[in-house]
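Residue numbering begins at 1 within each chain, and the chains themselves are lettered A, B, C, D and E in the order written.
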Amino acid sequence: DTLKKIKDSGSVTMGVRESSGALSYTLGDGKYTGYHVEICDKVLSDVRKQLGLSSLSVKYQPVTSQNRIPLVQNGTVDIECGSTTNNATRQKDVSFAVTTFVEEVRIAVKANSGITKIGDLNGRSVATTTGTTSVQTLRKNERATGVDFKEVFGKDHADSFLLLESGRADAFVMDGSLLAGLIAKSKNPADYKIVGEVLSVEPIAIMMRKDDPAFKTAVDNSIKAMIKSGEIAKLYDKWLMQPIPPANAKVGLPMSDNLKAALANPNDNPAEAYVKK
Amino acid sequence: MSNFDWQVFCKDTIEGEVVERCFGSGGSITYLDWLMSAWGWTLSVALLALLVALVVGSMMGILRTLPSKTWVLVGDAWTELFRNIPLLVQIFLWYHVVPALIPALKSVPSFVLVVLGLGFFTSARIAEQVRAGIQSLPKGQRYAGLAMGMTLAQTYRYVILPNAFRVVIPPLTSESMNIIKNSSVAFAVSIAELTQFAMQAQEETSRGIEIYLAVTGLYFASAFLVNRIALFIENRVRIPGTSGASK
Amino acid sequence: MIDIKNISKWYGSFQVLTDCTTNIQKGEVVVVCGPSGSGKSTLIKTVNALEPFQKGDIVVDGVSIADPKTDLPKLRSRVGMVFQHFELFPHLSVTENLTLAQIKVLGRSADDAKTRGLKMLERVGLMAHKDKFPGQLSGGQQQRVAIARALSMDPIVMLFDEPTSALDPEMVGEVLDVMVQLANEGMTMMCVTHEMGFAKKVSNRVIFMDAGKIIEDCKKDEFFGNPDARSPRAKEFLSKILQH
Amino acid sequence: MIDIKNISKWYGSFQVLTDCTTNIQKGEVVVVCGPSGSGKSTLIKTVNALEPFQKGDIVVDGVSIADPKTDLPKLRSRVGMVFQHFELFPHLSVTENLTLAQIKVLGRSADDAKTRGLKMLERVGLMAHKDKFPGQLSGGQQQRVAIARALSMDPIVMLFDEPTSALDPEMVGEVLDVMVQLANEGMTMMCVTHEMGFAKKVSNRVIFMDAGKIIEDCKKDEFFGNPDARSPRAKEFLSKILQH
Amino acid sequence: MSFDFAFLTWDVISSFVLKGLWFSIQLTIVATLGGIALGTVLALMRLSGKKWLEVPAAAYVNTLRSIPLVMVILWFFLLIPMLTGRPMGAELSAVITFTVFEAAYFSEIMRAGIQSVSRGQVNAGYAMGMTYGQTMKLVVLPQAFRNMLPVLMTQTIILFQDTSLVYAIGAYDLLKGFEVAGKNFNRPVETYVVAAVVYFVICFSLSMLVRRLQKKIQIIR
């Protein structure tokens, strides 16, 4: 199991993302940082104390949305600190720590486009990113509301945003934090705004191997302690409200009610549990 | 973990429920439907791009063998430009940068752009093969054509090209197989082809292994198909009395 | 018929031909010989403008080659040429090889071209092979087809560039036979060849080249009959090639 | 020295050699001739086991080639061979060409090999070119280096496969001169060649092949001096190749 | 749309791009050398005339040449650890995959190279008493290698461009360096333009080098 592996080897591999908004990203030169990365750093130092190790070397393994689950499964990555949605399908393969972030899928549009809700998208083109759950969300919404729009897929978020920026798409549907981050870093943040209803709500959590209750407990306990001490709230403010490197732009996304609820009552419920609310 | 779940292809793409007979009906589609349509996109992109590549590549390759320095330069420049930048970057430039400079291109569908982008990229390689093929012919053949009073154009048309064409079939076969594989970059510009399917479907279903197996299998089958067709053509045009290239 | 006037040619800074002058009358058979690299092939190719030259002029049947207004393809269509490596078109059958240029260049009908081509094929004794492809023929047979192909264009002069040097020794004879016959019928011919037997038998004149220059240009009898009057280079060459 | 006993060889169903038998004594010079494709090259290559055969046996200096226990590389190292296209190693200098096999096969020291190699190079008159690469030499020079290379292995017999047929006519002489000298010094030689002058001058015996069979195998004087006693096929061949 | 290259300071380039460039170069060199070595073995197997060597080598080459490199990369990355039970880093995995994959292409080139050496050269080696191994090592392969050097180099340029496909497993190459910089500053267009220029300069210089080589080789021959 993971705790034993960490103890024996004195090292642990953290899965990180090159570019997942403020949650997990690289500063170049092999340095990774972000809201979830910092939470994980703290969690791992708690784990180190628990195991009685004097030092613990943390290896960063960049992962992509395609390979993160297999990598956790096959043991390459011990703890994934990116921006992975906790859902029921995935829970069959991996397990998640208590929810540390709640993502609300929203719509970003050009400020002068006049679009304010999903209904306005009828006959327009909507961008989203290949390999994300937003594609499914969009598809479900299209079916449910009868709104007919054209989907264009970017190969990554920057690409999708570029579709919006260059006018190839009229809207960009994606996780709110990512949208806020992209807008903040864009050449003219005032040109864009996030509008409309929340299309879906997804708990984002730190991911670990399945069937390793000892490790999960250690991680969960560490996070719960941080929630209690208010440290999580501080980190949230640091990463999502204040200017962050490298561009020193503010994401500026206040904590949502959903996240507040999740922190008030720490749990690892999958996304399906949020739909019903 | 190695127990496969092939049922995944029979699932509806919205509800995630297994559908009877695996093909969706009444507007709903299954992953199998989607996979097939993705294959169709892959083949369409690849084949159209191949057409562009063959036409442009042959032209550029021929230019590079002409006696005129100017034409050689044009051919050389084209080849160097398009083969020294990674395909993915070229596609990106076609989609995002070129339209920014030439606004008229903004309304061109991404399918057309990717066909052109992939086609031009491959044309550089084909130009290289065609040039090598023409230059591999004995110089005497060109002299023989001219000595009979044919113009340079006639000599190319009736003597050099028919021979060079046969010489370059094997390398062109590999390029054709490459173009199928390279068509995977089309996902970068929102074409719902196999790679995009693989990335999206494995995200939605978490059955990466099955999805990748199926997609790899289809790529393999497509490349194999192209290979067979090329072999068939090669045998059809084989000249009696020559041993042919496949020795 | 062919008037070569002070031709000089350079490849970059390397001079291949230096001030070559000679003249071939209608009905004459002229043999060109000389060591390898002496410029024989280059000289004969300038005659139908396959190789451009920088200085001098060549007038073929009254048409100047150096004149930029000259229609070179048309001029070439009237000059037959046979190459060392035959250069039949490998993707065309023998008959197609014979008719292609007649149709495309002379504008003859397919039927006329075929009649004419097969007549020439008959003449070189290869009627039986008319539907084969070049790759299916022996070297000697290919070279005879190549001669027939050139003849079917009704040339006013025939150029040969070492027509037998790529052949097996036993096939040399069959090609030389055809050439001897042509010469005897009065065809004007310019032949680069080392077959001194052929030169002795049918040529009127022998030109000897070395290092891009025409060193000897004299009547056959003079060339072979009076070796002592020859330049040292020519004498040495002749001794080498006639020795064994 | 070389005893060829009832050799037959097939390529698939096509029989290249049919029941060939002959015998070469020490010091003998044997010329093999015949039309193209008659199996001359194949026959000579069977002698140093470059071409396997299906029936019969060849005994070279007491060693049977057909015997599976024979160390073929060792046998080949004692038989010198010269090819139509020289086959010098283009990536090695002349000296390296001469020493490579001496060092790697015979295990000689680099110094010994060089001494021996250069001695042979001297003999073919090319000492001045020892540091050049094959591509920088003329065909005749390359072939002479190839002969020196074979000689530097101290062969007990030399095989030649059309050594002059890829050469410009004026270079044929220099190679034949070396071969004549070798023959006069008593080297055992088997030569495929169409140079009838050479055959007349130095050979002891002439073998004539056609369609994979040895048709004539007789003393030189008998072969050239008594054409009427020859088979029709040999007569025809001789007439073709001596005609011009 | 306006371009804004201001964010691309030397600091950004050195921290985002150089690491990727270094990895791409390393990967290219290792995979080229390894691929040529393995490819040569495969080529010799295919030309051995022995069915039990020919068939597996041909199957290997044809299979790998029919599958997109991205898929091969993914398969190796995901499957090898499952088979060996030991995880493997993205970089190591990329090196192994590229070597194994490029070997298929290099083997085709080496096969053509070996066939470009005339049968007569092989016979000459044998006739001097060399064994098969000596003939290959001393006569055929040096020439095959020389004849094919330009083609090998061209394939290496392609390989250098293809290193960008390691994005699929999260390894960090030159293009990835540009992309990440572009994303974290949200300036994808500008970074792609710069990437195109950088790739062009590197690959074009290499292909000029190939031409020089080609001319040199032609003179030696």
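Assume contacts are C-beta pairs under 8 Å (C-beta built on N, C-alpha and C of every residue); 3 or more make two chains touch, one makes a residue touch a chain.
Since we're looking at a predicted model, the values are computed, not measured.
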| item | value |
| --- | --- |
| Shared chain contacts [chain A and chain B, defined touch] | E |
| Interchain contact steps from chain B to chain D (minimum; 1 if touching) | 2 |
| Result of counting contacting C-beta pairs for A-E and D-E, higher pair | A-E |
| Most centrally placed chain - per-chain CA mean versus overall CA mean | E |
| Centroid-based (C-alpha) most distant chain relative to chain D | A |
| Centre-of-Cα separation between chain D and chain C, whole angstrom | 35 |
| Euclidean distance of C-alpha centroids - chain B vs chain C, Å | 47 |
| For chain B, residues contacting two or more additional chains | 1, 96, 100, 208 |
| Junction residues of chain A - those touching two or more other chains | 66, 70, 159, 162, 166 |
| Full enumeration of touching chain pairs | A-B, A-E, B-C, B-E, C-D, D-E |
| Of chain B, residues touching chain A in the complex | 1, 13-14, 16, 96, 99-100, 106, 110, 187-188, 190, 192, 196, 199-200, 202-206, 208 |
| Chain B - residues contacting chain C, complex | 138, 140-141, 143-151, 154, 158-159, 162-163, 166, 239-242 |
| Complex interface listing, chain A residues touching chain E | 13, 18-19, 25-31, 61-64, 66-67, 70-71, 74-76, 156-159, 161-162, 165-166, 182, 185-187, 246-247 |
| Touch list for chain E against partner chain A, complex | 1-2, 4, 7, 12, 15-16, 19, 74, 77-78, 81-82, 86-90, 167-172, 176-177, 179-186, 188-189 |
| Residues of chain E that touch chain B when the two form their complex | 1, 63, 65-71, 74-75, 78, 82, 108, 157, 161-162, 164, 175, 188-189, 192-193, 195-196, 199-200, 203-204, 207 |
